[in-house]
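One structure, pasted below without further comment.
Labels run A, B and C following the written order; every chain starts at residue 1.
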Amino acid sequence: MSSNAGTAARPSRSMVRSLRRWESALVLILIAVIAFATIESPDFLTTTTIFFGGLDIGQIAIMALPLTLIVITGEIDLSVAAMLGLSACVFGYAFEHGTGAALAIVIALLVGALGGSLNGFLIARLGLPSIAVTIGTLTMFRGIAEVVLGNSEVTNYPTGLTVIGSKPIFAHLAYPFLFFLILAAIYAVVLHKTPVGRSLYAIGLNKEAAFFSGIRVNRTKFILYLLSGVVCAFAGIVYALQNDSSIYTAGQGLELNVVAVVLFGGVSIFGGRGSVLGVVLSVLIVAASQVAFTLINISSEEQQIIFGVLLLFSVLVPNSAAGYRRLQAWINQVRRSAPAAGAGPSG
Amino acid sequence: MSVTKAPQVVAHPAPAARQHRVAETVSRFRPAVIALLILVIFGGTTIKNSSFDGLSNIQAMLSISAIYLLLSVGETMVIVTRNVDLSVGSTLGISAFAVGEIYNHDPHMTMVVIFLAGIGIGAVCGAIIGLITTVARVPSLVVTLAALYIIRGLDNIVGSGVQIEPSVIPHTLVSLGYSTVVGIPWLFVLVVVVALAAAFWMRSFPAGRELYAIGSDPEAAVLAGIPVARRVFTVFVISGALAGLGGVLFLAQQATVDSTAGTGYELVIVTAVVVGGVAIFGGSGSVIGAVLGALLLQVINQALVAAQISAFWDSAIAGAMLLAAISFDRLISFRASRALVATEGVSYVE
Amino acid sequence: MQPDRFETPILADDGAPDASGYLFAVEHVGKSFGAVKAVIDASLRLKAGEAHALVGENGAGKSTLVKMLAGVHEPDTGQLYMEGEAVQLSSPAIARDAGIAVIYQEPTLFPDLDVTENVFMGRMPKRSGGRVDRPLMLDQVNAVMGRLGVRLDPNRLTRGLSIADQQIIEIAKALTLDAKVIVMDEPTAALSSAEVARLFTVIETLRAEGAAVVFISHRLDEVFATCQQVTVMRDGRSVLSSPANELTSDQLVRTMVGRDIEKRQGAHGAGSGDVVLKVDRLTREGKFVDISFEVRAGEIVGLAGLVGAGRTEIAQAIFGIDRYDAGSVSMSAAPLKKGSPTAAMAAGIGLVPEDRRQHGLVMDESIERNIVLASLKRVRRRGLIANALSRDFATRWSQRLQIKFNRLSDPVSTLSGGNQQKVVLAKWLSRQPALLIVDEPTRGIDVGTKSEVHGLIQKLAEDGVAVLVISSELPEVLLLADRILVIREGRFVHEFANAEATEEAVIAAAAGVIAEVAI
């Protein structure tokens, strides 16, 4: 977020270099995780585990992409998983009432666009703080999902579509993960190689200067939120089909995982820094870890703790160099202001 | 070199100044407006469902709201310093669970120890969060998000398979959950006392005023010599301690607890606090307003049930209210930039 | 009295350092940050009751010296003396207790708190039970405001106050701290002339009460108007201290720069090109009314006026940053859409904004990315940005403007003010605009680079670009502009051709009064 909370500090200087370092570290971590897991359990690198790993991480991965761009501009979107849930419910509701799968998909995506536009309007047009707005829309989307489906569950989606949850493509790639990879490629090109993508970094670092340079800050942010709504709605449809179930609790609590994945990928919470590659690596690490943990019988509750530690770690490390210096300065200050001869002003 | 001497200075009070007065006035009257809204909703629902204003119903409402009000107090302090605490629900849960566990092992444990234990656990959680936020300078959004995970995970692991039976909770504690003082539930009274104490502290004590300064301009606060790290650390400890206390009260109220206790509270609390007039970027707002905001949300919750509107609408309405509250704040704020506005006008002659 | 070149330290008869003749003395201090020697050998000797100017180009070490006074840094070498006693100012709190107050260019107040709490924040007086003693605070604030001759409502939130009023609050803060040394860093940069006059009166009051005021400014005319003593810093050293009335401004500039600045001559008389910009009855409520003018290709038009007259608002309205309520703007006879910087840029307008750090540059981004920021579409190959193209682009333009940097990938915040301004210029010049609007082209820039920037602007005009220059520095306007338009309180007042313009005439038009000339 572009506001500095009382006491938080933005690490700066030579950002490109530090990002490269972060990504290299991620590669090493990924290799380490895979190595460790393969040693611990020879089942690890089989096609089945790769398939299920990709399946599990699919939605979080998909939602992480639009969130990456939003965080780079210095904003946040906590409503991502709630939109997933809402879209899954709307999709289910429409399908249940006989609209047919194709139309239901369109309706769900439209709902995503609407929800994203609401976020975009309040944040980009009215200039409201994104954390507060997306907490509001998060609550609201969940509430509407609850109203739409109530306590009931929609199942029995056409098997031609639910196959994405049961059959791999290319031998071991899960469909949701494939969607993620395709989207990641598109996002990578847009972020790193287009003027619009480059402008996101400027917006995150200094949105006034960006505006004075002719960048349409508000319009860009609006589009990012709109896109986030649509992509998360897509993730919701994938979720519903993959699990052959739509229920109002879909995606509950996932937003934190998505934020964790994005931050762990090297995207700075303050904005202005990050890459799609980093987020992809982060997704891979988390996917591999989740599979590995399940194989060695670490429960999902324990995995939650690991997620939390991951999140902390991803923000602590960039700050640690600065923090260490500050610790030293503090120690020096304490030493200096200790009662010693000659210290202190006179008069 | 030439020098101009302008003879008389004409003052032109800037239009922006007037707008700022409007915003100031609105924020001063906000708690009153919310109180009014509560009464209106209350009255409206009673018309639809005449049993709504029955004494026992009101008592139940106040009792249920108490814990949310309590957590709002701590959250207000945190948000005023331009931070946020998303871990309160998890802290409440683990405190409730730990206290229940104590009873499991020793059903005759004294109340004092129980309360101290609950508050203590919460304070420890808050202290760890406070340390990471201030020393490691990690944004509180991230720290408390991570804490939410970690504490909840710990709670799940420790609590998996363990049930706290109502039978082990001593009557002394449970009776707190429903006993009243001059007709008002004891829980509610306790919470109101805490809220008033907090409000008094934030209004009239230097350390309390410094919280507002920190949220208003963190860098200026450092320059002014305010011990920012110490203050921020303290508010997180308080927030955690109150959440821990909330855990004890939760046990008193529900007489049972599982590992999902407190899930989702943080979003409700943050919504309540912002609706109650605390700016999300800190620097302004009051405990009284926040507490009223929490009460408002709870009243709406109860009203929906009583008026036989599906309770499913509750979240949707809460979310919409938060959006409405911050939109309204922005609209009356004219130039809502955080920095001071440089405008024309010399205050020689007012 | 002879000007002091600080060659001898102040000594008493027995050879020990004796600073008792001065209220506050900085003796031969030095401060380095790693390999960077910010201050090498600086001295400053303040007498009670004097206004003392500290002048020097950017990079001379003034701000580091001020930070040492403020207790933010401690000197590596040398010593500070308060009323004859050696002092160690190891923290801002200690400096405050010692009686030193620093008022920065950007006042740091708390917008959500009222005036009274702002004055006392961090050291609030307490009454019984540890509560804040509000009645006492109110009394003191009112008393101080009375001394300063200013009326501000002590219960009013500081959000929305003018910069001038914010400064007064900072000064009030200093007075309630019984400050004996008050340092003002570029205090007049954002003030209107009425507010400057008020500030000078306040300085007189402070002097009369026995305080020493350190006045740091690039506005040499104000230095001579207000200060009794001038100390010059150059390249980290104090090179001269002299009573103000024994110094001419030429001597002062020469001492600051260490060389003679050639006075640039303008080649005036341009104005035969086509009309590029036409502004017709432009109006924005509360900011400016009925502004009409034209700028031709190859011509430099200057907008002169006091700070706050509305010139920046006019420029920003033309460029589309702000909207306007009535009137029109057209570029090369084609109407220009309002409120859209994109449209303005497409029509060939560039704006070098007044606030370099907030609006002109993305400080944390590299020099390269800042230069390329407005030309991203031009460094593409087959639709995608190509790093090699971007680097070439930035290299070419930084060379053309002679920007001094280490690496293109360094953050632009590592550059000096003058070089930063050149980066902003590079960003816009690389778009080859038909019209360049430059707002305060040399604010906060050292004299040497100033001259380079002036040369760049003149060359632009020679090459046929239409240029609109906004400046509060009269010599600059008179130097550059072919025609000078004076704006006062949002209205157009008078147009001068360069040949007939004099400083006095322009000031008279800008301030609406007859100027008194003092030497």
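We take it that contacts are C-beta pairs under 8 Å (C-beta built on N, C-alpha and C of every residue); 3 or more make two chains touch, one makes a residue touch a chain.
Not measured: the values here are computed from a predicted model.
> Where are there more C-beta contacts: A-B or A-C?
Higher C-beta contact count between the two pairs: A-B.
> Based on CA centres, what chain would you say lies at the far end from subunit A?
C
> Roughly how many whole angstrom separate the Cα centroids of subunit A and subunit C?
So the centroids are 43 Å from each other.
> For subunit A versus subunit B, what separation do you get between their C-alpha means, in angstrom?
Roughly 27 Å separates the two chain centres.
> Where in subunit B do residues touch at least two different other chains?
Expected reply: 215, 221, 338.
> Which residues does subunit A have that touch at least 2 chains other than itself?
none
> Across the complex, what residues on subunit B touch subunit C?
For this pair, the touching residues of subunit B are 1-7, 9, 14-17, 19-20, 24, 204-206, 209-210, 212-213, 215-217, 219-221, 223-226, 279, 283-284, 335, 338-350.
> Per the contact definition, I'd like the list of subunit A residues that touch subunit C in the complex.
12-16, 189, 192-195, 198-199, 201-202, 205-206, 208-216, 272, 333, 336-337, 342-347
> Going by the contact rule set out above, which residues of subunit C touch subunit A in the complex?
82-83, 85-91, 94, 97-99, 321, 341-342, 344-345, 351, 353, 358-366, 369, 373-374, 376-377, 380, 383-385, 409-411, 427
> For the complex, give me every residue of subunit C touching subunit B.
For this pair, the touching residues of subunit C are 92-93, 96, 107-113, 117, 121-124, 126, 130-132, 149-152, 157-166, 168, 190, 192-195, 197-198, 220-221, 224-225, 249, 286, 308, 503-504, 507, 511, 513, 515-519.
> Would you pull the subunit A residues touching subunit B in the complex into a rising list?
Touch list, subunit A to subunit B: 1, 3-9, 76, 122, 126-129, 131-133, 135-144, 146-147, 150, 256, 259-260, 263, 269-270, 299, 301-305, 307-309, 311-312, 315-316, 319-320, 322-323, 326-327.
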